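In what follows, chain A forms one complex with chain B and a second complex with chain C.
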Partner chain A sequence: MDPCVIEFIGEKSIIGVIPNFSFDPLHLISGSVGPFRAGMPVHVPLWLGIHLRKQQKCRIVPPEWMDMDLLEEIKEEEKRSKFFTKMPSEHYMVEAQLIMSTAPDDVPRCEEIRTIIKDIFDIRESKLRTSIDAFIRGEGTYAKLDNLTLLEMHSVRPILPHSLDHIARYQRTAVATQRDTSMLGLNSSTMNSSSFLTQ
Partner chain B sequence: MSEEDYTTKITREDACLNRTADDDEDDDEGEEITAQKVLEFLETAWTNEMCAPDILQHQSDMLELMMGQLAHMEENMKDLDKNDFRFVVHQMELERIRYVMASYLRCRLQKIETYTKHLLNEESTRSAEEKRLSPEETKFAQEYYENMEECFQQIALQYMPNTQRSEADQRIVRPNLMSHVFVKANVSVPAVVVGVDDEEVDLAAGSQHIIPYQLIADLIQKHQVQLI
Partner chain C sequence: MNSQSYFPNYYAVEDIFVTQEKVECKVNTKLLKMGFLDSGADTEDLNPGRTINLPLWYIKELKVNNPYFTVCVPEIYKNVHKAVCEAETTHIELGKLHPYFYEYGRYLTPYDRNHVVGKIVFETMRQRVRHLLDISKNATDTGKPEHRLDDIENKLYESGVKTSHLYVNWLRMKFNNIAASEMVQEHTKKRKRERRSDANDSPEQEHKRQTL
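What follows is the complex of A and B.
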């Protein structure tokens, strides 16, 4: 999956906007939105919110988690915890990127928030790399990936499954070879699968 | 007609569209579902298809339903001013849905082109209701295969010694069913075999895992897990 596909999927999440116009409810196939009343907050899909904001038809209400104190807490928690902590939103990177690039003025302390979200992402990425290293060394074929968001998964998507596939292939070959050489009394190594990421 | 008229019209038609969907849900048959559900279903089918190494069950019925829905929506929008707020938003949504459907079908075509002979062989062993390819896709696969064979024959095979010609079986490309995929459990699934040595774990609802495809292939079919 390309990053733009992940963004596309993330654009379905719901955000609050304050329109500056009034309009009756829209009955979209994916569900109804509205009614729009000037000055009254209303929930819309992110793609629609971004479009309206670009047309200067609304102000975006930043999601609750786009708050310095809360994000500081999350960052500390992420540093402390051995495992991945639950993110406030399944698509936090996509939402942050889209909202803050289209409407930096609607988010208080935008620059600081941008930095801290990036920090959190970096901490999680490095954690992910370490766990993957341990996972591959442990010759596992299965792992639990709770709380990992779609974007993070895709940051290791091409390389991780491919390397696992290759390792599995080598192991199958090894097993086949072993069968041939077993009459020579060679020891067989066992494969074990384990969960290194979370337990 | 003034712009106002068109707006009222689409409101009515829109409401009408939604009502039909609701009515259908109450039908005795219990077969019909809302447009929203169809869309969610297709989006899941789309991500599953993108992530799975093998081709999955075709969703012609759902696609058909959605196509009808789109056509209906376009019919409603036909008379609307191009700059109308409604028109713009509905248009954007239609484009998004079309993209999902097109991307889904493209993804399947790509698999058909890669694994042509393998898929055709598999299909011939499946019963009518188990068929993974839609009739159109089967036709495409058949013709694609014949054309490729013809092309190989014309360009190279006919100049080769007989002994090397009959190696068609060795040219079959097969998907690696043991390749690793990311899955998310929709419901809790107890005792899933996750390793070569029959190790089992319970997948909790909402949990995410990386696992060889073949071990959970049947769970996708049953909608107990989805690929991400």
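What follows is the complex of A and C.
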């Protein structure tokens, strides 16, 4: 899956906007949005919010978690914990990227927040790396990775599953040979097919 | 085929390449009229004790303990064994040792009486995959990996580089348009091709197209 597809999925999340126009409700396949009243906050999908913001038709209300203190806390928690902590949003990277690139003025302390979110992502990424390391080195047969977001999974796909496939293949061969040398590399018909070499 | 899981399968061209590789074998029985297999032999028959090179695709169909040939395990797997013991597989240039190091080893595993080849192939892969994950993540735009890689490793490396490129481009908000998935693209191509061959079959349609 490409990052743009992940972005597309993330754009379905709901965000608050304050429109500066009035309009009837929009009836979309996924549900109705609106009605829009100038100055009244309304919940819309992220893609619509971004679209309206680009046309200067609304102001975006940043999600609650886009707050310096909260993010600072999450970052500390992420550093402390051995496991992945739950992120405030399933698509925090996508939301942050989209909101802060289209409407930097709507988010207070935008630059700092941008940095800290990248920090959190980097911490999680290196954690993922070390746990993959430990997993491949260790004898474990499965690993449990809770609270991983789509974009983070994307960073190790498809290379990791494919490598694990190959490793498992060679492990199977090695184990099978050790168990029974004569079972591998032959099939029942080989006796017949090779008999022409005898005298 | 885009997916690389279970990749070198029976129908893959890589599998054909691997099985073309020659394997050194010692002859154990006198084989009548088989002297042509040994270019250095001057007799019509193949005598016991001679060493000949046979393709892997032939050898792998024989029983492991067949009375005619004993397979000699290539030196490369012995050298690697030393390195595995010293835990420095990441410094070996696998591609130079053998372009299909892993697959070749996998086929030869049953013929190794000491059961080392299988273990070596497995351990080498296990150690090098972590290294591979690192270098593919930190690949630069033009840089090639400094070490020559095995064929399978190369494919994994390329897919890793592709992923990290896509991610970096997304962060910079470059080329962020969703493209149709490869499956859909292939399907459209196929449909177009079919339509074209249909047009060739019936001259009337051909004529119509020209007037358009």
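As a working rule, the second predicted complex is superposed on the first by the 177 of 199 C-alpha atoms of A that agree within 3 Å, B and C clash if a C-alpha of one lies under 4 Å from a C-alpha of the other, contacts with A are read in each partner's own complex, and residues count from 1 in each chain.
To be clear about the criterion, contacts are C-beta pairs under 8 Å (C-beta built on N, C-alpha and C of every residue); 3 or more make two chains touch, one makes a residue touch a chain.
Keep in mind the model is a prediction, meaning the values are calculated, not measured.
In the overlay built on the shared chain, the residue A:165 is in contact with chain B and with chain C. Of the two partner chains, chain C is the only one touched by A:136; chain B is not. By the document's definition of touching, of the two partners only chain C reaches A:155; chain B does not. In the superposition on chain A, contact is made by A:27 with chain B only, not with chain C.
Contacts of A:39 after superposition: neither chain B nor chain C is touched. Of the two partner chains, chain C is the only one that A:7 touches; chain B does not reach it.
Once chain A of one complex is fitted onto chain A of the other, the partner contacts of A:108 are absent, as it touches neither chain B nor chain C.
Where the contact sets of chain A with chain B and with chain C meet, they give residues 5, 8, 157, 160-161, 165, 190-191, 193. Note for the complex: chain B touches chain A at residues 7, 11, 14-15, 17-18, 35-36, 39, 47, 50-51, 69-70, 73, 85-86, 88-90, 92-93, 96-97, 99, 103, 176, 178-182, 194-197, 199, 201, 207-212, 228. Listed in rising order, the residues of chain C touching chain A in the complex are 3-7, 29-32, 34, 60-66, 68, 102, 105-107, 109-113, 115, 118-119, 121-122, 125-126, 129-130, 132-133, 136-137, 152, 156, 159-160, 163-164, 166-167, 169-171, 173, 176-179.
Contact residues of chain A toward chain C in the complex are 2-5, 7-8, 97, 101, 129, 132-133, 136-137, 151, 154-163, 165-167, 169-171, 173-175, 177-178, 181-182, 184-187, 190-191, 193-194, 197-199. If you check the complex, the residues on chain A that touch chain B are 1, 5, 8-9, 21, 23-24, 26-32, 47-48, 51, 140-148, 150, 153, 157, 160-161, 164-165, 168, 190-193, 195.
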